[in-house]
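Note that the chains are named A, B and C in the order they appear, and that numbering of residues resets to 1 at the start of each chain.
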Amino acid sequence: MSPAEEKTEEKQAPTREDIKKVLECLLFITEQPLPTAKLCQCAGTKDAELVAELVGEIKIELERKNSAVMLAEVAGGFQMATRPEFAAHVRKLFADRMTMKLSRAAHETLSIIAYKQPLTRAEIEEIRGVDVIAALETLLEKRLVKVVGRKETVGRPLMYGTTVDFLRRFGLKGLEDMPPLESFAAAEPAVAASAPPVPQEASAQPQEQN
Amino acid sequence: MSPAEEKTEEKQAPTREDIKKVLECLLFITEQPLPTAKLCQCAGTKDAELVAELVGEIKIELERKNSAVMLAEVAGGFQMATRPEFAAHVRKLFADRMTMKLSRAAHETLSIIAYKQPLTRAEIEEIRGVDVIAALETLLEKRLVKVVGRKETVGRPLMYGTTVDFLRRFGLKGLEDMPPLESFAAAEPAVAASAPPVPQEASAQPQEQN
Amino acid sequence: MAYEVHLEMFEGPLDLLLFLIKKDDLDITNIPIARITGEYLSYLEIMKDLNLETAGDFLVMAATLMAIKARSLLPSQDEEVAASEEEGPDPRAELMARLMEYQKFKEAAKFLEASAEKSKDVFYRGAPRFDDSQKTLNIGIFDLLESLREILDRCPDKSREIAGEEFPIEEKIAKILALIDKNRRATLQEIFADETKRRGILSCFLALLELVKLQKVFIRQDEPFSAVSIYKREEVADVAR
């Protein structure tokens, strides 16, 4: 057993390819996006740089061979996902297990939670000016928000925050992917009026009719 | 019609390769083994023979290229699964999910739901005498309970019930497997201990050191 | 009224105010308080006619508006006195700040909706799946109330008598469903076309809300200020599965 000698050892150090296969396997089976640290831990390596590199390779290879799945970077981690072009088929598969789309009002409650988390129901209601318990329950049930703790005030009310599923649903890598709240401030009418005329108007238009 | 002519049509009949990609995608994303009939339906073809053939090809290709996943034929259907040699890594991935510990409050809430389902949050709160939203949220997140409908009363509140995961985690064949409610004097912390049956048992464990 | 409609009122007084500001193209930083108070109260009136469960929130806001209005009517030097006497923050400025703050979240919600639209075709294992092919209600309660107001304005019958002819909601529900069954959709105008009595219109409107709540129909306005249509909702699979 000369080269095999090593093999009889408890375990040989895994090769680059070995680790890559393990990563593929993990990224495939996981139900949550996996951050690099978690991938390292499950693959049994401390080399985060290598893992990041291999993940990048996996992503490119899937694209190159035009695979049915792709590697998505979402919610602070990586996870395989189906490619958008197959959406119609996937929808057929899950036709009887689809959850209803959110109403606009539920999206509003969600946006408050996303920007102000962690916050209590009373705090949401103060911003919305209306009882939000029904909306909150919908969001909890759809796993877009969760209880993240209790506020240390009278009654120790629950505080809510967004979830990984929130980020996945909205295709965000992280909360920092959301534009700053201030960017949604209503343009001051004065400013809007004095805004420079956008050049595109008539000049560019003509060529571009179809 | 010549092939070129077909292309200009709104939608061309999908090629063999197209269908194969769709099948790969479906076999990846499904949570349950898919019988050929279901695959046909979701892929939008009536040709069961072709589908069976393509599934066979997918299986062989995955083996040939020594992929991290394999096509498993289980329970009368097909589904992608991780290869057994990666079991140790996969187990690490799901470790925190499997060694899930429930708080006492979550336990109590779960047993109320298990015995009284379907019931609403308000009904649970009436029994427990306290706010259960946090416990309920934990149980929803761990997929031990789910929304099973709405009660046709004022406000149409959501009703909760236990899931298949609940049965699996507690090793029950069905709800009728649960001891009759009357047989309990106090809450059972024992249930937590009997927790999660891990797919593959200890057999693979010993090798797995590092 | 044997039949009561309970709406999950997702929208509150601030939504109503923002709706009115947008509708009349007003400047949110400088709301004409008398005008907006008048409009606000007229909506409240309709909500009362409909017997909608208006949470106390709407009444509290009405009181706030009227207080601001009263204060603004004081002669200016008294205003200074009043301000220094109360030494509380200016309620008008406070209200506008709240509105502007909330407005930002409403815009952020649109960003979220657009993001969902972009990533709706990507499916992950373990993630909840939303039925994005489904059309949903995209119109607020106040847009609907606005339509209702127009319909009521055109109706010659202004009687508020409770006694007399009955207009059971169940009948109106049947009527609406029959209309939609024909073409899978109907416009708001079609639904109210044969209603000649004020109470009939109100009952028909409640029937519509009830159908939305029961998820039998959804209401859409595909473009702002375009015609409002009611669509039949495909039977959604049981949530239980």
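Rule of thumb we're sticking to: a contact is a pair of C-beta atoms (placed from the backbone, for glycine too) under 8 Å apart; a residue touches a chain by one contact, two chains touch by 3 or more.
Computed from a predicted structure; not experimentally measured.
Colleague: Quick check on this structure: which chain has its C-alpha centroid closest to the centroid of all protein C-alpha atoms?
Modeller: Checking distances from each chain centre to the full centroid gives A.
Colleague: Taking each chain's centre as the mean of its Cα atoms, which chain lies farthest from chain B?
Modeller: C
Colleague: Need the CA-centroid distance for the pair chain B / chain C, whole Å please.
Modeller: 40
Colleague: Please report how many Å separate the Cα centroid of chain A from that of chain B, as a whole number.
Modeller: Computed value for the inter-centroid distance: 21 Å.
Colleague: How big is the gap, in whole Å, between where the Cα atoms of chain A centre and where those of chain C centre?
Modeller: Centre separation, chain A to chain C: 32 Å.
Colleague: Could you say which residues in chain B touch two or more other chains, in rising order?
Modeller: 29, 147, 155
Colleague: So which stretches of chain C touch two or more other chains?
Modeller: Within chain C, residues 8, 123, 125, 238 contact more than one other chain.
Colleague: Okay, in this complex, where on chain B does chain C touch?
Modeller: Of all residues in chain B, those touching chain C are 29, 31, 147-150, 154-156, 161.
Colleague: Going by the contact rule set out above, which residues of chain A touch chain C in the complex?
Modeller: The touching residues are 29-33, 72, 74, 79-85, 87, 90-91, 94-112, 114-115, 127-131, 134-135, 142-143, 165, 168-172, 178-179, 181-182, 184-186, 188-189.
Colleague: Contact residues on chain C for chain B in the complex?
Modeller: Its residues touching chain B are 6, 8, 123, 125, 213, 238-240.
Colleague: Please name which positions on chain C make contact with chain A in the complex.
Modeller: Residue positions touching the partner: 8-15, 27-29, 55, 57, 61, 98, 100-113, 115-116, 118-134, 136-138, 140, 236-238, 241.
Colleague: Inside the complex, what are the residues of chain B that reach chain A?
Modeller: Residues of chain B touching chain A: 21-22, 24-26, 28-30, 34, 38, 41-44, 66-69, 80, 82-83, 86, 89-90, 92-93, 121, 131, 133-134, 136-138, 140-141, 147, 155, 158, 207, 209-210.
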